[in-house]
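Heads up, there are several structures right after this.
In what comes next, subunit A is part of two complexes: it sits with subunit B in the first one and with subunit C in the second one.
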Partner chain A sequence: MKSLDPRVNRLPSDDSSVAKPKEPLDQLATFEVFLKKSEKRLMEHVGIVHGADEEIAFLFAKEQFSRRYTCIEMWIVKSSNTFATGYTEADVSVYDSIKHIDGVANEEYCIFHLLRRGKQHVFAGTVEAESVEHALSKAKKSLGDTQVFNIWVVKSSDLHKWSQKELWETLPDKGFRDALAYRAGDKLKDYLNERKNG
Partner chain B sequence: MDKEALKELLFKMADDQLVLGHRNSEWTGLGPMLEEDIAFSSMAQDKIGHSYAMYSLLNELGERDPDTLAFLRNANNFKNSLMCELPNNEYEFSLMRHLLFDFAELIRFESLASSAYKPLQIIARKIKTELLYHTMHGKSMVKKLAGANPESKAKMQASLIYMLPFALGIFEHSPYENELIDLEIFEGEDAIKEKWFIKVNEFFNLTDLDLPDVTQLKPEYGGRTGKHTKHLQALIDEMSEVIKLDPDAEW
Partner chain C sequence: MYGGGSIIDNIKTTAIEDEDPVQLKAFETKIERGEKVEPRDWMPSLYRKQLIRMIEQHAHSEIIGALPEGTWITRAPGFKRKLALIAKVQDEVGHAQLLYSAAETLGKSREQMLDDLVNGKSKYSNIFNYPAFTWADSCVITWLVDAGAIVNQLANARGSYGPYCRALDRICAEESFHLKFGHHCVIYLATGTSIQRKMIQEALNRWWKPLMHFFGPPDKVSVHSELLMKWKVKMASNDEMRNQFLDMYVPKILELGLEIPDAELSKDENTGVWNYADPDWDEFFEVINGNGPCNKERLDVRRMAEERGRWVRKALRDSEMQYVTPLA
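Then we have the complex of A and B:
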């Protein structure tokens, strides 16, 4: 579909079952950032950073996305190594349109699900497959019994992981990084009251 | 316990952290790219936090409150090394200073994590974990830029050569070295310097930069005895502009 209207060009392609690599943005390459807030929480996507490589991307992501809130582990993957299916609407799951493919289970792939529109992709599990398409087909069998609006597939060997908990150890002491810590609203209210009464 | 020796140690560390933290925070909003701006600002904030912890220990030892110590002293009462007060130049200047300083800072706080002075020991354990990320950042950025292209390599090399004598100034002796060592409060600047030599050699061997023989360089001393460059008073004046408007304001 060729149009000068960006809204038209943003429309999803007709076939949502085909996983295509995400398009890189400008400047340096971009990297997808996933983090785990605590042992109880799933690894979830939090955003994107620029970087020269995964190592630099992690340095940036750490302060970008785990400056204020708890974190125990972070994963970084190059955007172009992240394969995303199309999006589905309402009560249709992307898995409905994934076709069965045969293949050899020779490499591990991580599957991320978008379970609610407007929320983040969360880690769903891994499958052994020989390609992205094959991974999707295997995921449909093992993870496909929920309604999923969008799926990301990443080869596990492309994911770079940082799980040195020490890196985030002092975060609970940094409440001052949150605007709430300054109670600016309360102070303003007190000040206005004082002025009104005095 | 020798209170004067301990205070001297805390003051020089706090002043280093406050002054360098302020210098690095001057990059906020001006960093080379958004992500690096945020990361560098965040580390500058950590530095100020470390100085706050040190000034608080001083406060417990009978000194004035942390804000007064930080903002309302004159330059000749500051004990920071000259390296920390140098005005910012190009970004590679700040990046190199950040790495060379934090190599020493990590070694210092790893060592203080077993200090005989318990309150310092407890805080040192926290500070050293934050320095892990700081040095990780410095190493990756310097290594990457040293090998990126001829221009970036030349800039990193020039900033390394300029900064080394100032970095050696970090290890200027205090009048109480022996007392601190005897009391096992701190293992002394010479011990930190020896470990720093090893770390710096190991690191720069892995980069495309040439490290001169650091043992042969003449260190830039003076900071630890209050003999500063003119840049420090200017920095303090700017830093304390707000508090001087109303020293009793509640924040």
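Then we have the complex of A and C:
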């Protein structure tokens, strides 16, 4: 391949013009990512990444969601381990349709609420329960007095947490990737003055 | 970056007649109220189809868009600019990840989308089929192509589909870094030596036509869909976005003493509408159909990356792995 890009020129020659179709899971599995921007903020859902396991998912998530804007803590959970209720609208809360269930409090579950449609889920709290349904029923009692449009339930043991703040401390040199290092207003002003004064 | 408002195909409105009228009414009322549609909500199949196509094209544009700019990473003038450009290109690839995820929530797998890209079945923004000859080309892309993308993306961020809007909010925040960096680079060239000035002027000349193409064909010839506007899939017409871009950036370009290679470019102060020479729409359609200067190289590079990474992805797979459509 002959290109203006020296990196492309270095690629080995390749004569396949049609790529083989991707197999299922070629892009690996999906993980939900949550992060906490600062001490004052709640843990909130920010999106998903694809990865082979939680470690790799974390590496991708760290690049994806905390590269430009930092955070102090990140949680990762397999999408397949996240239970989601249906969505409600207008003034109907998901909790309105959740029935009371008895059970044993033998496992911790994390509850995430969608407080406004169009926004992202935020961490609401934990409950001790024996199943997802039981966790929802207990959450209704302890967390259910707000209007909620959607609820996610995750077993705490399925969440992988990274909370060492120093993970997000960056080298001063990295400032050069930011726009703040590229002010050119003075240069422009000098140039405009020069032109005005002939 | 990126994603021009350009390549929305003709849609057949007949499909709409097959939808459940009660649910359709509720869906449209919700959008009218300004509420967002979420992945598990009922939606017309046409809405789903158009959004997948649009978000997917946008995602492809991000990874393909990283190629012309990446050309200059190894030769960026100075260590700091090199860092900034690496970070910018990484941002673009990250944007593709966000957008693919948003499209996945609508039910198309990432594997399928990437297959469709390398096999030429789905499109990406035309502008990346042009070469970046010099560092100045890279500066024009970083400043003006990103500026165009911001105009387009800020409009779409007010759309109706929740996951797409959330991805765009993140993307726009990062684009503003690019815009500042790009402006800085252009100012340095434009206020520099005569050779530097010549470089940036020539780059602007090369990119002006693709920039005018960026927002898509004029409204009078493009397939205009009131339905997509009503459903808040498309938020502004091609001409509206192009006009807004010209309003914002023509003064900034002229202030640097650069010339815009269009003798007919002028603003009608009464209507606020810019007039411009025909930027050769035939060329636009030629490039879309695969005959631009770099179409083949872009797809070849992408295909090779796919092929050469295959064994790594295969080695990472394990039997417990499970694909689940992303939740939000």
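Criterion: the second predicted complex is superposed on the first by the 144 of 198 C-alpha atoms of A that agree within 3 Å, B and C clash if a C-alpha of one lies under 4 Å from a C-alpha of the other, contacts with A are read in each partner's own complex, and residues count from 1 in each chain.
Keep this in mind: a residue touches a chain if its C-beta (ideal position, glycine included) is under 8 Å from a C-beta of that chain, and two chains touch if they have at least 3 such contacts.
Note that the coordinates shown come from a computational prediction; the quantities given were computed from them, not determined experimentally.
Once chain A of one complex is fitted onto chain A of the other, the partner contacts of A:Q27 extend to both subunit B and subunit C. When the two structures are aligned on the shared chain, A:D102 is found in touch with neither subunit B nor subunit C. Subunit A has more of its residues touched by C than by the other of subunit B and subunit C.
Applying the stated contact rule after C-alpha superposition, one finds that A:E39 touches neither subunit B nor subunit C. Touch criterion met: A:V49 reaches subunit B and subunit C at once. In the overlay built on the shared chain, the residue A:R67 is in contact with subunit B and with subunit C.
Contacts of A:E169 after superposition: subunit B is touched, whereas subunit C is not reached. By the touch criterion defined above, A:D91 lies against neither subunit B nor subunit C after alignment on the C-alpha atoms of chain A. In the superposition on chain A, contact of A:W152 is made with subunit C only, not with subunit B.
Shared interface residues of subunit A (contacting subunit B in one complex, subunit C in the other): 27-28, 49-50, 52-53, 56, 60, 63-64, 67, 173-174, 177, 182. The residues of subunit A lying in touch with subunit C in their complex are 1, 3-8, 11, 14, 16-30, 32, 45, 47-50, 52-53, 56, 60, 63-64, 67-69, 78-80, 82, 84, 86-87, 89, 117-121, 150, 152, 173-174, 176-179, 181-184, 187-188, 190-192, 195.
Contacts from subunit B toward subunit A in the complex involve residues 33-36, 38-39, 42-43, 45, 49, 126, 129-130, 132-133, 136-137, 140-141, 144, 148, 251. Considering their complex, residues 30, 35-36, 38, 40-41, 67, 70-71, 73-75, 79-80, 83-84, 86-87, 90-91, 94, 97-98, 101, 104, 109-112, 114-115, 118-119, 131-133, 162, 165-167, 170, 173-174, 176-181, 183-185, 187-188, 190-191, 255-257, 297, 300-301, 303-304, 306-307, 310, 313-314, 316-318, 321-328 of subunit C touch subunit A.
Partner subunit B is touched in their complex by these residues of subunit A: 27-28, 49-53, 55-56, 59-64, 67, 164, 166-167, 169-170, 173-174, 177, 182.
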